[in-house]
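Chain nomenclature is as follows: A, B, C and D, assigned in order of appearance, with residue numbering initiated at 1 for each chain independently.
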Amino acid sequence: MSKKSFRQAINEALRQEMRRDPRVVLMGEDVAGGAGAAGEDDAWGGVLGVTKGLVGEFGRERVLDTPLSESAYIGAAAGAAATGLRPVAELMFVDFMGVCFDQIFNQAAKFRYMFGGHAVTPMVIRMMYGAGFRAASQHSQCLYPIFTHIPGLKVVIPSSAYEAKGLLIQAIRDDDPVIFMENKVLYDQEEEVPDESYTIPFGEANLTREGSDVTIVGIGRMVQIANAAADTLARQGISCTVIDPRTTSPLDTGSILDSVEETGRLVIVDEASPRCNMATDISALVAQEAFGALRAPIRMVCPPHVPVPFAPNLEDLYVPDAARVEAAVRAVMQHAGKQGARA
Amino acid sequence: MSKKSFRQAINEALRQEMRRDPRVVLMGEDVAGGAGAAGEDDAWGGVLGVTKGLVGEFGRERVLDTPLSESAYIGAAAGAAATGLRPVAELMFVDFMGVCFDQIFNQAAKFRYMFGGHAVTPMVIRMMYGAGFRAASQHSQCLYPIFTHIPGLKVVIPSSAYEAKGLLIQAIRDDDPVIFMENKVLYDQEEEVPDESYTIPFGEANLTREGSDVTIVGIGRMVQIANAAADTLARQGISCTVIDPRTTSPLDTGSILDSVEETGRLVIVDEASPRCNMATDISALVAQEAFGALRAPIRMVCPPHVPVPFAPNLEDLYVPDAARVEAAVRAVMQHAGKQGARA
Amino acid sequence: MQLNREDLLRAYRTMRIIRDFEERLHVEFATGEIPGFVHLYAGEEASAVGVCMHLGDKDHIASTHRGHGHCIAKGCDVSGMMNEIYGRKAGLCGGKGGSMHIADISKGMLGANGIVGGGPPLICGAALTAKVLKTGGVAIAFLGDGASNQGTTLESYNLASIWKLPAVFVVEDNGYAESTAASYAVAGTQSDRAKGFGMPAQVVDGFDFFAVHEAAGAAIERARAGEGPSLIHVQLSRYYGHFEGDGMTYRGAGEVDRLRNDRDCLKRFRSKVTEAALLDASELDSIDHAVAEQIDTSVRNAKSAPPPTEADLLTDVYVAY
Amino acid sequence: MQLNREDLLRAYRTMRIIRDFEERLHVEFATGEIPGFVHLYAGEEASAVGVCMHLGDKDHIASTHRGHGHCIAKGCDVSGMMNEIYGRKAGLCGGKGGSMHIADISKGMLGANGIVGGGPPLICGAALTAKVLKTGGVAIAFLGDGASNQGTTLESYNLASIWKLPAVFVVEDNGYAESTAASYAVAGTQSDRAKGFGMPAQVVDGFDFFAVHEAAGAAIERARAGEGPSLIHVQLSRYYGHFEGDGMTYRGAGEVDRLRNDRDCLKRFRSKVTEAALLDASELDSIDHAVAEQIDTSVRNAKSAPPPTEADLLTDVYVAY
């Protein structure tokens, strides 16, 4: 056990799984870097250095730099998975899914069903998501609601380094296509991460904190925002449960419903665009399945329905922060009861 | 005024707008048909004959058969829209969005915001959606939740021939990128449609029926299913309001909230895959904004989280039908009150 | 690869099965009993069979919406296919896929595909598996002239080329994508495109089984030898509409009849092998009869076979969830 | 197009503005004051300027993530650009776009683009507008060697070709896509690819303004004359990393220094026009001074300019909603 960054945790998960299973191969743009160039090999290890060092250990047959052709190589990962490899493909930024989405949602995700259960497609697609990098509209999106919408995909969104390692190892061992989303703002964040390999099962939420007044569900990095808000609120006498679902598909509906049965109040923090996102998904689940327990409106803390802006001051306004979560929690705490709720 | 099919209504809308405005051009695979072939020109008029006859009137300079290159021609529509044309591009089946999504969501949808308000991109992308054709997993999806999720797009889903004509004319005159979704099962359905041109504004829901017990919101063809259910329920003494939002983006939140304030009960019927879909979106809206009015859990009637199956008996089970809507309405009517709701 | 008697009989039988399968579907579709979209391969048989004769179960193919011929040539069970097309539980995909999604991965058949251009990237993956796991296998993408304009296809040419994958791209150019002529929609030539991505290409007459067989043999041998991908431009024609229900008004008068009379791959095969005294006409006749019976039985069985059960709606989405 | 004195001065000034703009950003980025990703165009100036000298406001270009040079060459306001890069309200996009999304549609500049291969389809559209509305305009897509492997680009070649659009594809081949060499990632040649889609191609030395200018002139003239699209393969190099922060360890030792010394487009332009006595060195010197001052002012102003207001977060998503 030692302190490792989110980046290192992912690198270690990849390395350990590649050692364990020769069928695991990596592919993506610059995942090694320097292919065909005169200078250093392994020059990049991914655009933010996450896969650095792996080509040195596993060679270019298993760590494949790709051309700028996402449909071809993400589709190749699907075809390879269906025929015996266990590829981990990197899409770099989730924002690029628009040039290769067909291979993900119509091919990989549907093989098993369309083919009557006779296909197994064990692939992982890793990608960065999220705002905070001043990278503007085309490099800052979340988009996991889109993948969550698609039957046949699993969607994993780790909230910390420890989570990232265990969930990625699980993803690689999983026999279904897995979308693995890495919040780029977290890469340098460190925490204690075991050296040995371990898995965190899908569909089992993590209650990062337990309280009695309000349930807060956060997605990915928003778990941290939720925890920060809960800290402040605790000092003010409001006791929150914070739930990290870890995977949005499958979603651990039981943990969320159980918690709301106890607290009677729900706030959801989602960094994704607000329409048809995870906040609406979880809210709808609870409004259908735990309505009787609800003592206040469900509140969603999300960005506005606008593309991610470039200017730092605007981007900071765009992303949900702890202050907004605190305000939402206070609002549901102050709610008088069932009558006259429409504010 | 005369009886026209949904198909004819769309054809007429296109024809009238092309007559009115020479900047309106059509493009898509086989929208005329027969390009370069030895036989009949205008051989197809779209895969299900929707654009038949238009090339005869407007010529091949304005009715453009395209190669099988969705990224190129949908992107071309975006580029043409930004530079002075008003293109109506046809994607054929929404299921094909995966090969061209980038041009829709990262280009057309974001131009205006990324460019600080200096771009205008008046384009319409027409496409078929929905199950019922025994067309299996890759030709039967809804996917409008994905477009609704994207800021910068407008999403229109007409529920009948009358609606289709008025909404399509509005879409063509609109200055933003519009996704126009046509349920293929409706093409042969007829109703009275005015001969003259008319528009139906976006973001104004249509209450196809008003009642006092339950609000039912249906999306696209599901409005018809909702109305059929409401007919049956009316005979059983349950009085429903049925709301057709017409556009999911913008969404007429006011009409939905007002209705729930009156009825206190909400059922949403959405043919899209159940996670992060319009049913969750509307449910979440109401659970946040009209919670105090709710007298029962919100119920969502959606397909299961599976790809669309091929076998007719399975497909019929997959799509929400009136019986399921009726059952959901009865369930919310029978709900005892706020306590013990979790069933 | 030299063709012995067995091979010739197999080639003829396979082409005949495809032809009868499709001709019969054409008839049955008209009765309204077959659900969904059906794209017939009749007329193009020499391509699927000429290519797949070189392949074994460890080799993979990816097919298209017009997939029946490729499935049969790659060894998919014919009655399993017929059941699938009728939406039956006993179908190769349990009735969940239908005509556009028939697959049998155990036979190396990675699926018909409802997305034009869906297959070529997958084939890069199958070829990568062969390369990394050193299976000796090759991977073949069948694609149409229309699909040759899809970005996914063109990217795959490049990827296969730079990775020197054991892959072959078989462009089945039947002159049309739906109602749009290739002469309108395809700029340049298929061979020049291959060259643009550093691949060799061959152009072959797709009515001639032997020509296809030879070209495919060379391309596949090259791939197996680790020399990388190549492209075969097969020029052929479809006898029926794009899908059943297409009136084909865009085709020139008599176009199909002429092709059927003058160039048909089965007729040509028959006259060639009988004239060269490689096979007897009677042997071929008895294949014809046996195949007719086989197809008849498979249709009769499929018509009365049970559909999937309600529970099947929810299974097979994930291995575990 | 013959280049008169005015043209030569303009060409030099524009290249110099681009160079100084980029060199200065390189310095300023290191201070940490510039937000986001910044991709510098320094070294490639002759391409943007050689092409855009032929264009007016009714002609359109689509650019890339490495867009500053194209913007400046197409006439975007330099201080508006600098403000944009600093995220200021006075930026060309109100601070909402940043380096990767600078656009000025009134100048025919359809935007830098954060998506590699995003531009070529758009340019087909701009060219279609020119054709349908008979504006006489042409549309140019700039794209990198990396982008030449993107399906969107390859589809656009075909679409432009079959529609005979007044379009030109300028492949700026700087030998790398991020850290990956074109020699590894690009199979075939850019010219052969063009041929595969029925387009003529020219290969030019991208350090030589005059070579680019001539090739672009011919391609643009062809497009304006209604003879369809073509491709120009411009061979050049970038002086800085893929983006600021890239250590460029993948490049050969001394690679950039050699290029800067031996082939630099500004040096070459200067020696050519002074040796031929077309312009005086002193004229060029005074341009250098004026440009240095202009860039300095624009940076100084941008640093102290106000950011967008909170309300700006929510505006400009739709024309009306």
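Simple rule for what comes next: a contact is a pair of C-beta atoms (placed from the backbone, for glycine too) under 8 Å apart; a residue touches a chain by one contact, two chains touch by 3 or more.
Computed from a predicted structure; not experimentally measured.
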{"item": "Given chain B and chain D, the chains that contact each of them", "value": "A, C"}
{"item": "Where chain A and chain B are represented by their mean Cα positions, the distance between them in whole Å", "value": "30"}
{"item": "Intercentroid distance (Cα basis), chain C paired with chain B, Å", "value": "36"}
{"item": "Centre-to-centre distance between chain D and chain C (centres being mean Cα positions), rounded to whole Å", "value": "45"}
{"item": "Where chain D touches two or more other chains, by residue", "value": "93, 95-97, 101, 113-115, 149-152, 155, 158, 162, 184-186, 317"}
{"item": "Two or more partner chains touched - positions in chain B", "value": "66-67, 69, 71-72, 95-96, 98-99, 102-103, 106, 113-114, 136-138, 151-152, 305-307, 309"}
{"item": "Chain contact graph, described as a line, ring, star, complete graph or other shape", "value": "complete"}
{"item": "Of chain A, residues touching chain B in the complex", "value": "71, 95-106, 109-110, 113-114, 136-138, 143, 145-146, 148-152, 248-249, 251, 257, 261, 272-273, 275-281, 283-294, 296-300, 305-307, 309-310, 337-343"}
{"item": "Complex interface listing, chain A residues touching chain C", "value": "23, 25, 61-62, 64, 66-67, 69, 71-85, 87, 102-103, 106-107, 111-120, 151-152, 154, 174-176, 203, 250"}
{"item": "Residues on chain C engaged by chain B in the complex (per definition of touch)", "value": "35-37, 87-88, 93, 95-98, 100-101, 113-117, 146-147, 149-152, 176-186, 248-253, 255, 307-308, 310, 312-314, 317"}
{"item": "Residue ranges of chain D in contact with chain B within the complex", "value": "60, 62, 91-97, 101, 103-106, 110-111, 113-115, 118, 120-126, 128-130, 132-133, 135, 139, 151-152, 155-156, 158-159, 162-163, 315-321"}
{"item": "Of chain D, residues touching chain C in the complex", "value": "149-152, 154-155, 157-158, 161-162, 184-189, 192-199"}
